[in-house]
Every structure is written in C-alpha cells, then in structure tokens.
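Look for chain A in each of the two complexes below; its partner is chain B in the first and chain C in the second.
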Partner chain A sequence: MPITLNDVSFLYNPGTTLEVKALNRLNVNFKEGEITGIIGPTGSGKSTLLMLLNGLLKPTAGEVTVDNLSTTNKVNLKAIRQKVQLIFQYPEHQLFAETVWEELAFGPKNFGIEITEQKATLLLEQVGLSEQYLHSSPFELSGGEKRRLAIASVLGISPKYLVLDEPAVALDPLGKETIYNLLFSLKKQGVTVIIVSHNMDEVARLCDKILVLDRGNLIAFGDKNQVFLKLLEKNVQGLSLPVYAEVIKLLRERGFNVDPKFSLEETVAEILKVVQNNAKH
Partner chain B sequence: MESVIQTRGLCFSYYPAEKERYALQNVSLSFLQGEMVALVGPNGSGKSTFFKLLAGLLEPTAGSVEVFGKNPKSLKEEGTLGTQIGLVFQNPDNQIVAAVVEEDVAFGPENLNLSSREIKKRVEEALRLTGLWEYRTRATYALSGGQKQRLAIAGALALKPQILLLDEPTSMLDPLGRKEVFELLEKLNREEKLTVIYITHYMDEALRAQRLLAFGQGRLAFDGRPVEFFAQKALVEALQLAPPPLYQLIEKLRAQNLKISDAVTTPELLVGELCQLL
Partner chain C sequence: MLNINTIGQYIPGNSLIHRLDPRTKLLSLLITIVLVFILDEPLSLGILALGIITLTITSGIKPKMFWQALRPVVIILMLALFLQLFFTPGEKIWAIGPLTITREGVINSGVVFLRLVVMLLAAYLITATTSPNELTHGLEKLLKPFGKFGLPYGEIALMLTIALRFIPTLTAEAERLIKAQEARGADFNAKGLTNKAKAVLPLIVPLFINAFKRADELAVAMEARGYRIGAPRGKLKPLKFNFVDYLIMLINGLIAVLLIIIKLRGGFPA
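For the complex of A and B:
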C-alpha cells in the first residue's frame, strides 16, 4: 500500500491542560494513481492529516507509512519527503527567487537534482506556462500563474504523491480550470493526488475517492458517489453538498423517488424521470 | 428610486504617466437605493479598482464619483464617508481591532463622538442584526471565520451606513461561513433596505443578486439581471467566467421543455418550482 494510516491518533499539546485531540484512530489506505478529496468542516483535522502524510507531524499513536517506510523513523524522512510533496494554501506566497528558473531549481537542489534549462522548460510546459517566463521575475506573473509556478517548483522532484491544501481557492474560474486540468494530467502520469477542499462542486468533479472528517473522526472514506450518498442521509454540521446533490436531496425530502446522482447530465435525467412519472394530466 | 452612487466617465490608471494603461475606463452608471448588486470579472478586470474608487480609497484619473451627490474625498474629509458607506474586505482578521466582540463594534461609533447611551444602542442593534448578540463578550480571536466576517459587517453597520460595499466577503470562508454571511447580506438588503454591492468570484452568489455588473479589461462589459448575463454565453466565456452549476441545470431542464422561471436562484427555489409542475 502506497500511503497507509494504521490506527493513527494525533494530540496537540499532549499531557497538558491545552491537550486537543485532532485525529482519532484513523485507518486509511490511499491507492496509487487516484485523486482523493479530504473534506470536513473547519477544525475537523484536515490540515493535521495532511501534515502527517510526509512526516511534518508524527502520530501520537499508530503509524503512517509511505511505501512501507514509517514516518516515525527519522532515517526515512528524507526519502519520504522526496516521495510526498506538500503544497500549502496560497503557495504563491512562498515564491522568493529572482527568476522563474531559479524558483524551479531551488527545491530539487536540496535533493541533489539539477534543473537544467531544458528541464525547467519542460516543467513550465507541464503546468501550462510559457517558456518565455523562464528569466522573468516570478512576481510579474498573475495570481493563477504564480500558483502554477509554485506547483511546478515541486514537480521537479518528481514526487510520487502530491498533497495540496485548497489548490484552486481564490482563483477566477479560468484559473481554477487550469489547476483542475493540471491535476488530471498528473493523475494520468501516475501521480497520486490528495487534496483538501471546501468546494464540494470541485471535489465532485475532480476526485475518485472522498474522505470525510468531522471533529477528528473518519465519517466516510470511499468511492465519490457512495460518500455523497452517505452525506445525503447524514448531515455533517458545516459541510455542504454539491449543488446537484442538494437538489436531489430536497426532492427526496419531498417524497420523490430519485436516485442520488452528482453530475449535471445524470441529475437532469433523474429529474425528467420524476416529471414523467408524476406529471399532472 | 433614488440614486445613491453615480459615476460619470470614470477612469483610473495606476500609471498616470502612461495614458494608455488604464485599469478602469469610462464607466458611467448609477446605483439605486436598496439594490443588491454583484460585481464580477476575471482577475485584473478592474472590479477592485472600481470598488476602491467608490469607497474613496482611490481618486479618479478622469471622470467622477458621487456618493449622495458628493465626492467621496470631501465626505472623507468631513468624516462622514463611513456613515454613508460601510466597507468590508476579504479577510476579516485585517478589520477587527478589539479583543472583545462588543468593543470591536463600539470602536466606530466611539470615534463619532456619540453619547455612551447611543453607542450602546448601536452596538446592540448591530450585534442583533448580525446574530452575534449572544457572543458579545467573547474574545474576537475565538470566533469562527463566518462569525468574524459577520463581526466585520456589524462594525460597519454600527455607523449606520446606507450602502454596504464588500470585496469578496466570502472568499476566505468555509461553506458554512459563506452561507451565514451571504444570507446575512440578503437579510440586510431585504429587511433593512440597505444597498448592498459586492465583488464575488462565486457565480452562485452572483446569480442571487438583483443586478450584475461584469468587468473585462477595465471596461463595464455587462449591466443587467444575472440570468440575462449567464444567457450570453459568448460574453461569459470571453470574460473567463462560467455559469454556476445551478444555472446550467436550469438551462438543461428548460431545454427539455420544463418551465422554470427566472426567479430560481437557489436549489430550494428550483425544487419548489419543480414540485408545482408535478
């Protein structure tokens, strides 16, 4: 199993009066080549979970392993961090180099990987940025372009797992679209992608699997449609449904027999089915 | 209806020496009392510049802005701009000044030299309107994102403005916080008759406005009802925007000859109309 959480709990400030239980006995296997979305209200433990995946935090109990390497064992950390790249919210705030090329070269250098001009051009191409930018200042790029550059700067390490916190937040619709396409193409190249998102329509569109957290507990984990189905029946405070699921849920509450669907076309078909079966004559 | 803000030939350039580099060009329009207006457009389209000009944070390079017939700059000098226009920004943390909720709301009125009885009254009104009355003695840092943004709105309301101007007020909030804040804005517009003008990247929030202004390349590209905007596919695409999922669903249903009215802007309203058809 690529990334495995085995009975993982995490406490902040353990043994003090400020002790907070952030995660409670999680058992999760992230499969290779899938996109998983982690959702949950504020304070549910999403960010804590992300930081456990590359050993930034160590579990208070249980074990996290990446390709059978435990994050608890210090010796493994360098290898784990090369495999698992973490991208925080607003990664463009972390840009600092004088040129785009230097920005791309900095991270990989720490792992002894050299980013040649040709390689840098390829990385830019991978995230849909023009090679013309190679010698520009990263600060001349637009918000969406900076975000893509920040992502490109970790791709130079060829991570097997890419973990992103709110990758498309605060971008305009076109900017969001380019990030989605980038994640889809990384998935095609075999990269395992794990994202945290508050945007349910985004999760519905992007992800194969969904993991739901609520106050540190795993509420659901599995195939996207099954998880949304579960959320239709069980209200998690602070969690909204994708718009289409919301419509289906409201119809079901009014007593109509509709199957839960989460894409536009399927929702239209479901509504038409109801209309045909119940139309006033 | 009375016009509360009027712009004429409004232009702005961040590089006044280079005349062709306008961030905003030739915008003439008026906002009417009690309107709920969404401002949309891609990054760099001029909507935030427009917002800052209305708020008196920037001065026009050419053209004019009038708030109740006066230039925002002179209102600012008189110290009365805040009592006409309440400003709310993206990140509530940048706008909260006190450690305790009620003290934060009192900060604005205290600066107006009001009597302590009047200040108390205004703080209570603002906190009740925003649903924060029971949190009045809480520490501001301990509020959730949605509560903080409601507090920022309460702070603006305590000055009794007639217009609320908000720059992406929900973009940093989780879905629950977004819902809280947006429903509050709808309530303030509906019940308190406030004029509410907000910038948003969320097209579902834009759909719920009475009027939509779309900006592109520094120009006003559309001014009208949101449903009419989203129906103009080529324009929506040219502005790098996309209709909200709910609107896409409504369009598909209409294409199947289901009669859905233009009043449908939320899943609840859609299901309500669907049930009428059955």
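For the complex of A and C:
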C-alpha cells in the first residue's frame, strides 16, 4: 500500500480564536509509479497536505499511512521521512554547506547513507550539473543550478516517494525543461512523484493524476483528462485551464465540433480536423 | 506551525484600550514600571496588579490567550518566588529540613511575584492592543523633543519598525527551514554541545544569507521610493490625543501620586 489518507482533517491552532481549518475530511490514495499533480487556488490547503505526507504535520483527525506505516506514530517517522522526501518551494534557500559535495552528502548521512565522490558525481549528472562544481561553494551557482543541486541533495537518499512544491516556478524555460525531464526519468525509475503547481500547462504535461483542492475540500481526484473535463464544465474560482483546453473551449463556443484535448499534439490534430473538414465543403 | 500567540503578538480588537493613542499607553507603561520599583508593599502592589488585570479583561483579550502567551515565563516566575521564599534571612516561621521560611521571605516573595506579574501583564497588554506601527509612531513622537539634543529619533523608530516587521517573517523563515532540513533527516534535538552546534548550522547559515538578501532588497525598495534619512515625512494617520486619553493619563497620574504619598507617609494605616 503506498500513501493513503484516511478521512484526514487538519486544523491550525485548534481550540483558539486563531483556529483555521486547512483540510476537511480527505480520502486519497496515491498510486505507485505515477506523477500526481495537486492544484487549487491559494489557501486551499496544498502545502498543508504536502507536510502531512511525510509526518512534518500530524492530522488533527484521521490517519495518513505510508506503506502501512502511520505518520501519527512517532516510531515510524524516520522510516517515513526516508521513503517520502519533501522538497519545499524555492529549495535553493535551504543550501548551507561549504561545498557542493558536502551539500549532497548531508541528507543521506542523516539516514546513514555514505555518499562517495563517484555517487556525488552521478547525482549531479542526474540533474544536469557538471561534475566540476563538486568542490565549489553552492553559493557560486546560479539560481536554477542551486535549485537542481537542492533536488539532487535529496535524491541521494533514494526516496520511494518524491513530493515537490512548485518545482519549476521562477526558472527560465531551459531550467524548467531540465526539471521536467528529471521528473520523467525518476518516474521511469519507479519513483512516485507528487507535485504542487499553479501552472496548468505544466500539470497537463507532467501528471498522470490530478487532485483538486478548494478551501480544504477535495473537489476532484482522478485521471488527468477526466479531471480537466470536469473543470471545463465546472469553474473553480482561482483555477485556470491548460492553454490547449482554453483553445478547445473557444472553438466549441464558436460552434466547431472538436473534442476536449489537453496536449499540444492532440489539440493541433483537432484543429486540423476542423480545417480539413472546411476544405472539403 | 510555530505558536503565533506569543508575547508581543498584536491581537486586533476595538476595545477602549485598542483605540487609545499609543503615546497614552506608552506613558502609562512608563508610570507603571516606575511605580513597580518605587512601591515595596504587597498591598499597594496588589492594587496595581488588580488594576492591570481588570484592564486586560476589559481589552477583550480572552484569559486563555494571555495565559498561553505568558506560560513560558511562569517557570522564571516560580524560580524567583522559590529563591525569595527560602533564602531570605529573618524571623523563622516554618522549617522543612534545611529549608526555612521566614516572615521576611514570605513578604519578599510576594513583592517580587507581584512586581513581575504587573510588569509582564502591562507589557503584554500594550503589545497586544497596539499594532507595531502605532507603537513606533508613538515612540517616535515621544522621542522627538530629544531630537534637539542629537537623538536620532527618526532612525530609532525606523529600526524598530523594521525589526518588528521582520520578526514574524524571520520566524516563518526559520520554521520553513527547520521543516526543510528535518525532511532531509536533520535532527535538531541532538545531544551534547558540539552536536547541538553542528545541528544548527544547516539552519543558521541559510537564515543569515536570506536575511542579508532581504535587507539588500529592502534598501533598494526604500531608495526606489525616495526614502532619505532625516527627510520630513507625513503620516497616514496622525496621532491625536482625545478627551479619553487626557482622562486616562490624569487617572494614572493620580493613582501614582496617591500610592507614592501613602508609601512616603509610612504605608497603609493598619
């Protein structure tokens, strides 16, 4: 059994006047080997959900289990945190070591894994960084490189589940591309990936499954296309659609008979269908 | 999440105390603190404590909230009480083994306890009912007369505003970093001094780097908006004393004078 949320609710500052309900009775089952995207407007509880997944937060009610280990039980925490690696927004802000190698070795060392120079080079290669950085200071790298280093520093722990909060935000197109490719190759290696993103095109491209949150409630969870179809019909305030879905939506509104698609190729195919139909008449 | 209901946290409200001019509150705090040190009788300090407690209740802050905020200092309070109670020489009234309680000890511990309670509650009350902005504006206004003697009151106020403004930001940042490093398996509860020092390194280094980056950005943003040290500046909400402010200052002054006179004349009549 991978990561399961069983009737999970979460309150901040319960019992005080500052009480905030962040999540409301969530039931979710994250499948292994898939990329799941969590979307929702600001304040919908996405970040809270992420921190519940590796036991940084404990549910106020309900239970979160990782491979049948409950996060509520303190004894399981170390094992759970090794399995589920959480990468926060702007992970480049958490770098601290004197050299890139030490940065890469920090996390694994805490879990009793030794990182040799060879292994460190491999990790750098995985995120597309040159091995000549190995002995330089992490603070000499550019913003995008720092981000990739921060991600690599977690990969050394060989997590089974990788949870990322906005992994590609504020990167240049090339930097984004590197991150996407990394996530795809991790998926191929059997890592279960969960990301939070505000960028719908990114979600449409990367994810197999999508989970929609709105003010702490689960609005939809399922296959990417089904969820986007649902969002096409029902507008959630603060959520946009992938740009291809918007194109299809406009075409349909203008009376063209096209099917909803959510990727570049499929959308072009649909448009060509219309064009060729017009040419025939 | 870090408990955000700590000492110094502003709790918005619309009570009489919330609406007072910050200068009134600051001056009242000053009077209270001076009084606390002048008075040394349990009875007059008790009256003061009762007054502050009444004020705290009328401010609309729930007792649960201020208990939560003050809980961390209870240990210090207890320690002071304990030391005074057992280690004051004088007339013996009770003895358990090597520990003796004296009459003077009981009085002293009562005085220390009441002094601390009055000061803590007064300071808590003022920060809980005054927004950081109001507080610094009030302070700036109060310090302005000293500007003639070279006191850089504007800069002091600015530093205070920035410091107060960034406390929650830095707390949130530290909180985030702790979580991030914990996710990487860092253990912040390490045993032993060397290990403890090593454990905070992954926290301190990024915290400082980010703070300096923030300071840089803030300086640029302020310059971009034309900030100059010492330039004349307007206020969005100019401070104004109302009738209530004068009244409260008058009452405070009267209470202070009365209590001091009673002390000078040899205490409350038995």
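Basically, the second predicted complex is superposed on the first by the 266 of 281 C-alpha atoms of A that agree within 3 Å, B and C clash if a C-alpha of one lies under 4 Å from a C-alpha of the other, contacts with A are read in each partner's own complex, and residues count from 1 in each chain.
Throughout what follows, contacts are C-beta pairs under 8 Å (C-beta built on N, C-alpha and C of every residue); 3 or more make two chains touch, one makes a residue touch a chain.
Source: prediction; values computed, not measured.
Of the two partner chains placed around the shared chain by superposition, neither chain B nor chain C is touched by A:Val258. After overlaying the two complexes on the shared chain, residue contacts for A:Tyr12 are found with chain C alone; chain B is out of touch. Contacts of A:Pro41 after superposition on the shared chain: chain B is touched, whereas chain C is not. Applying the stated contact rule after C-alpha superposition, one finds that A:Gln85 touches chain C and leaves chain B untouched. Legend: residue contacts after superposition of the two complexes on their common chain; A:Ser142 is shown touching chain B, with no touch to chain C.
In the superposition on chain A, contact of A:Leu69 is made with neither chain B nor chain C. When the two complexes are overlaid on their common chain A, residue A:Leu122 makes contact with neither chain B nor chain C.
Annotation for chain A, partner touching more residues between chain B and chain C: B.
Across the two superposed structures, the residue set of chain A contacted by chain B and also by chain C is empty.
Partner chain A is touched in their complex by these residues of chain C: 1, 3-5, 62, 64-65, 68, 176-177, 179-187, 201-206, 209-210. Chain contact summary for the complex, chain A toward chain C: residues 12-13, 16-18, 51, 54, 56-57, 78, 81-82, 85-88, 91, 93-97, 106-107, 109-111, 139, 153-154, 157. Listing the residues of chain B that touch chain A in their complex gives 42-44, 144-145, 168, 171-172, 174-177, 179, 201, 203-204, 240-242, 244-246, 248-249, 252-253, 256, 258, 267-268, 270-271, 274-275, 277-278. By the touch criterion stated above, chain A contacts chain B in their complex at residues 41-42, 142-144, 169-175, 177, 198-201, 237-240, 242-244, 246-247, 250-251, 254, 256, 264-265, 267-268, 271-272, 274-275, 278-280.
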